[in-house]
Amino acid sequence: MIKVGIVGGTGYTGVELLRLLAQHPEVQLVAITSRGDAGTAVSSMFPSLRRRLSLQFEDPARANLQDCDVVFFATPNGVAMQQAPALLDAGVRVIDLAADFRIRNVAEWSQWYGMQHSSPEWVADAVYGLPEYDRADIRNARLLANPGCYPTAVQLGFLPLLEAGVVELDHLVADAKSGVSGAGRKAEIPTLFSEAADNFKAYAVPGHRHLPEIRQGLSRMAGSPVGLTFVPHLTPLIRGIHATLYARIKDEADFQAIFDTRYQDEPFVDVLPPGSHPDTRSVRAANICRIAVHRPQEGNVLVVLSVIDNLVKGAAGQAVQNMNIMFGLPETTGLWQLAVFP
Amino acid sequence: MIKVGIVGGTGYTGVELLRLLAQHPEVQLVAITSRGDAGTAVSSMFPSLRRRLSLQFEDPARANLQDCDVVFFATPNGVAMQQAPALLDAGVRVIDLAADFRIRNVAEWSQWYGMQHSSPEWVADAVYGLPEYDRADIRNARLLANPGCYPTAVQLGFLPLLEAGVVELDHLVADAKSGVSGAGRKAEIPTLFSEAADNFKAYAVPGHRHLPEIRQGLSRMAGSPVGLTFVPHLTPLIRGIHATLYARIKDEADFQAIFDTRYQDEPFVDVLPPGSHPDTRSVRAANICRIAVHRPQEGNVLVVLSVIDNLVKGAAGQAVQNMNIMFGLPETTGLWQLAVFP
Amino acid sequence: MIKVGIVGGTGYTGVELLRLLAQHPEVQLVAITSRGDAGTAVSSMFPSLRRRLSLQFEDPARANLQDCDVVFFATPNGVAMQQAPALLDAGVRVIDLAADFRIRNVAEWSQWYGMQHSSPEWVADAVYGLPEYDRADIRNARLLANPGCYPTAVQLGFLPLLEAGVVELDHLVADAKSGVSGAGRKAEIPTLFSEAADNFKAYAVPGHRHLPEIRQGLSRMAGSPVGLTFVPHLTPLIRGIHATLYARIKDEADFQAIFDTRYQDEPFVDVLPPGSHPDTRSVRAANICRIAVHRPQEGNVLVVLSVIDNLVKGAAGQAVQNMNIMFGLPETTGLWQLAVFP
Amino acid sequence: MIKVGIVGGTGYTGVELLRLLAQHPEVQLVAITSRGDAGTAVSSMFPSLRRRLSLQFEDPARANLQDCDVVFFATPNGVAMQQAPALLDAGVRVIDLAADFRIRNVAEWSQWYGMQHSSPEWVADAVYGLPEYDRADIRNARLLANPGCYPTAVQLGFLPLLEAGVVELDHLVADAKSGVSGAGRKAEIPTLFSEAADNFKAYAVPGHRHLPEIRQGLSRMAGSPVGLTFVPHLTPLIRGIHATLYARIKDEADFQAIFDTRYQDEPFVDVLPPGSHPDTRSVRAANICRIAVHRPQEGNVLVVLSVIDNLVKGAAGQAVQNMNIMFGLPETTGLWQLAVFP
């Protein structure tokens, strides 16, 4: 059994980790911390876990995380970079679900995240954890940077085309739509039900923090810098990301076959047949990305549709998938739940 | 492995059965029928099942259901009463998720369901399957009548009070709210998104088909006829039933203790601490009923709040629970998934 | 033109007042205050008002409210009782949309609202403003206490039965469901989209602040104290209240006729034909209450269904209706918009 | 008073026309037809209109539409082309809210709409009714082709850039999201609440019927053919379209100024300040298009955000706006309602 700790378990990513890990056959949850809710039973905050999880939130200062095999950080940006190094030095492996270790260029990171990086030395050591691209490196990772939700959907959608070199790199467009849980469990007016329900809007068009992460990821897949326009939208659904991707064709090819081949052995990427339109509910609560590729009107533009559950394949599920790889477990262990439909 | 067949798998109850049975460790799904969709891969209709279920819908006339150990009917009312007897005669056990065998008074059934009963002789033989009340009978059931969704929530909420004899029986009120999936997967205008979203309404106030089923159930728990007013409402959520139950106190008692004691050994009924308000999402996609009991302003009325997922504890999950009991499996087998939150 | 001021215009009640008053042909909006947003253009906070309203929020201390004919308080409880008296003394009429002057028993008010009342002398002078019951008094009101949202729906639903004396008074039940906007525009976790969407729950079952207001209202209609159980629920819709009311029949009567007769001249109460189920969207954004009365199964219980838009007939619309009465305008002036469907 | 008839009033476009026309001060509604619902009171089908509209649906064959000044067709595609000519010949002006007369190339129309055109001679005579571009022609139109919902949002968003000639024409992208009411009031499974709620999906990516209409419109604005990729998405909101438009910059310019200047005198197009993100609720139930223009990261791509209510500026409201122009009324007559927020 892998001894697991969670730092920051009161957000949506944290409670989704709890849901998945509580059902994981090879995991023993030993500690979960929350500064503000120490002493509270986890299941009294999240009744969905009642009678299945007896842990209490512990004060971060007092939790014995150093005895864990792996610690997940489900914290706001800027926390893991401060607390993870001590654990790493003690031999505990760390999976950070925030952005602290995703961007290799520390200066760029600081600019987008508005703070100095407290552990730049660990950035180089961190492994970016998109299993479909980084599996080999993940196995030996000590510090794993779990990808963001938008970056997962967008990178998995563009990856086969970029590796195959069949699209123009200077004008990629990623029009992405996210459910509201992507904004986290924070008391803020814009994500109130009365604000976000029956409403649709773009946000952060001038520049969203996931832009540099996506651009970094696509550029390494393409082998050269890409030009990307990324527009995120807030969508009145709880879970789900739908990325609609546009790329101009550079070289003719069997684009469907490129996707089919690239992902044929991937347990958590599902390429749909030609003509399909994946919907977000087909991945609701499941660790899977479903993808369809279109060439509308037989023109010179490819349209890729890529959907994930932002809390699962876009966060907690992918983190568990990475943990499975890091600890040599079959990659699907504890992640085999079917999507909830309807 | 239990060999399982499903008749009528294209509705919400059917696909939920598929989700649960595909993940059940002791079940082998051998056939699923649909008159209109024979030959179609199940996963092409329900992409959430892709890569996990390779069955095709079969024509009911040609499916080899007689080799099954148990057949679930997830069909409209009136189908099981016609098709189940042949299977029963062949030794196949049957679980009907529709209403055909729930009402012991066949004349009353005919009046409410607007058709003659084609197999009245089987009604007496059928076992009503509310495990928390009928467990002993379920074990040996050949033909199991799976309770309706509203009846499950309402009966589990009133049961401890009726058994204890502490409330007036002549004026029970069940104000129940259901998610839209309870109306089934039928192309009808009133359940269109543009009709049911951002909207709330009562329906069938003059008389809903679940009224006789609930009244029958409450009366046997109480040992005498009850007076019940039952008002269902259509609520803009996909899954979930919230029953708000009102009963006048007859005898003083520790009402919380009555619930705690009655359900303490039940795996799928969770009594919340005093002062709680269960929400439907705390049971979303899980086979559990959560209950709280209140005595507002220390007055003479008890208010019981009872929530279930109408497709799980209110339909497919309870059917699988009944199957587990019928086949001597641990009752929680394959039903241990945590609710999906948020 | 009536010169109108609004104190506290940044909540949902405030912005709904703005929507209605900006379209009111006899109103000149002269000032709107907000402590935190002074200097901000109203339409930059609420883009729905762009190009139609050029006001800025003003600091309450500096706004010249004393020149108004009437000032609406769309503030949290406890503000109007402190600020209204100075305006009243200056001859400005006041309409309070909060609860400060609704409860005639000041001690009871203090108990439910958790604060001392700073202007108990004004409570006696205040007129409760349910036009369908209080019209005569409203005409001369200096200080008007605008009813709460739940109290409006529940009182209008029970009123004809209580006046007619045909139901038992000791066991009334009001099971009420409200859209999330009823909780106000406050940054709080329980009303986040990801918490309130696709979810349904009761709340405040032990005792909600509207209980004493409703009980006071029903008791004066009945002419004697009533026994009331009131259970509010949070419903995943933005606007709308659906009250489902239960009363035992005391005397036989033509209950439909009682409603038809009582409300036949009311512009803003619509009694539906027998067998109807009003839905909340039929009153969305309109100042109207729609009501249906049922006697299920010809039994001894009446069920009344009463729907309003909590922000219109349950708040801002009723406040404007009261203003119209107070200033001798036709009652429907500026309130004649049709409900928005779908 | 303009005497108005409506053919086909039982869909969402029809009932929205009723809402707007019933409140229009210069309109007398004289007839509304429905084949299936002749004899039914309009307000019994649409209770939101109760006590404000006393019309009954009439059989199309018997309605006296020839006495109208103008007849709106709110019918499925293919109806107006058959029934409008007789009215036109009788001197009645016609506004078709369907697609029959929108595409000037009849062969192309037939291909996309899957039927022969029965009145190709009227196509040339029809005026396309985007007031912001076609105002002069609309004044004298006998037969007006009211634009589609997506085409309105997309054309208004691209118009200033195309007229100014500052963007590349060969690679325009329109990623559009529509509320479910855009699919009409038809009993179909994909638009059931349980299918469309909490879900997001693209559809018709290979080719949507609005593609040729948009392409025709953009090409005439640009003065030469455009290359357009158009991807519509089904979004879990009732009303609203959000078009996210992408264009490569050809010539440097003050893009904000281009929009500000182009629309400064338009009553129903609102250009937001730099940095804005219009949301669909800011136009809910109002006849207005709100637009923002962005240049992310100061790159070579412009992003235009354009929102409308698909039933108002995208259908019925624009039709009334066109009627106002056709009959010499102030363009805003009867269309001045503020958006409903929240």
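Note that the chains are named A, B, C and D in the order they appear, and that numbering of residues resets to 1 at the start of each chain.
In the analysis below, a contact is a pair of C-beta atoms (placed from the backbone, for glycine too) under 8 Å apart; a residue touches a chain by one contact, two chains touch by 3 or more.
None of the values given here were measured: they were computed from a predicted structure.
Enquirer: Compute the shortest path length in steps from subunit A to subunit D over the network of touching chains.
Expert: Shortest path length, in steps: 1.
Enquirer: Between B-D and A-B, which chain pair shares more contacting C-beta pairs?
Expert: A-B
Enquirer: By mean C-alpha position, what chain is farthest away from subunit C?
Expert: Following the centroid criterion, the farthest chain would be A.
Enquirer: Just how far, in Å, is the C-alpha centre of subunit B from the one of subunit A?
Expert: Roughly 36 Å separates the two chain centres.
Enquirer: Distance between subunit B and subunit C based on Cα centroids, please, to the nearest Å.
Expert: Subunit B and subunit C have C-alpha centres separated by 39 Å.
Enquirer: Counting in whole Å, what is the centre-to-centre distance of subunit B and subunit D, each centre being its mean C-alpha position?
Expert: Computed value for the inter-centroid distance: 45 Å.
Enquirer: Return the residues of subunit D touching two or more other chains; collapse runs of consecutive numbers into ranges.
Expert: Residues 12, 179, 181, 185, 194-195, 197-198, 236-239, 278-279, 281, 284, 342.
Enquirer: Going by the contact rule set out above, which residues of subunit D touch subunit B in the complex?
Expert: On the subunit D side, the touching residues are 12, 179-181, 183, 185-189, 191-198, 236-238.
Enquirer: In their shared complex, at which residues does subunit D touch subunit A?
Expert: The contact residues of subunit D facing subunit A are 171, 173, 175, 177, 179, 194-195, 197-203, 205-207, 211, 227, 229-231, 233, 235-240, 242, 244, 246, 248, 275, 277-281, 284, 294, 296-297, 299-301, 303, 305, 307, 342.
Enquirer: Under the stated contact criterion, what part of subunit B meets subunit A in this complex?
Expert: 12, 15, 19, 22-23, 46-52, 181, 185, 197-198, 238-239, 270, 272, 278-279, 281-286, 290, 336-342
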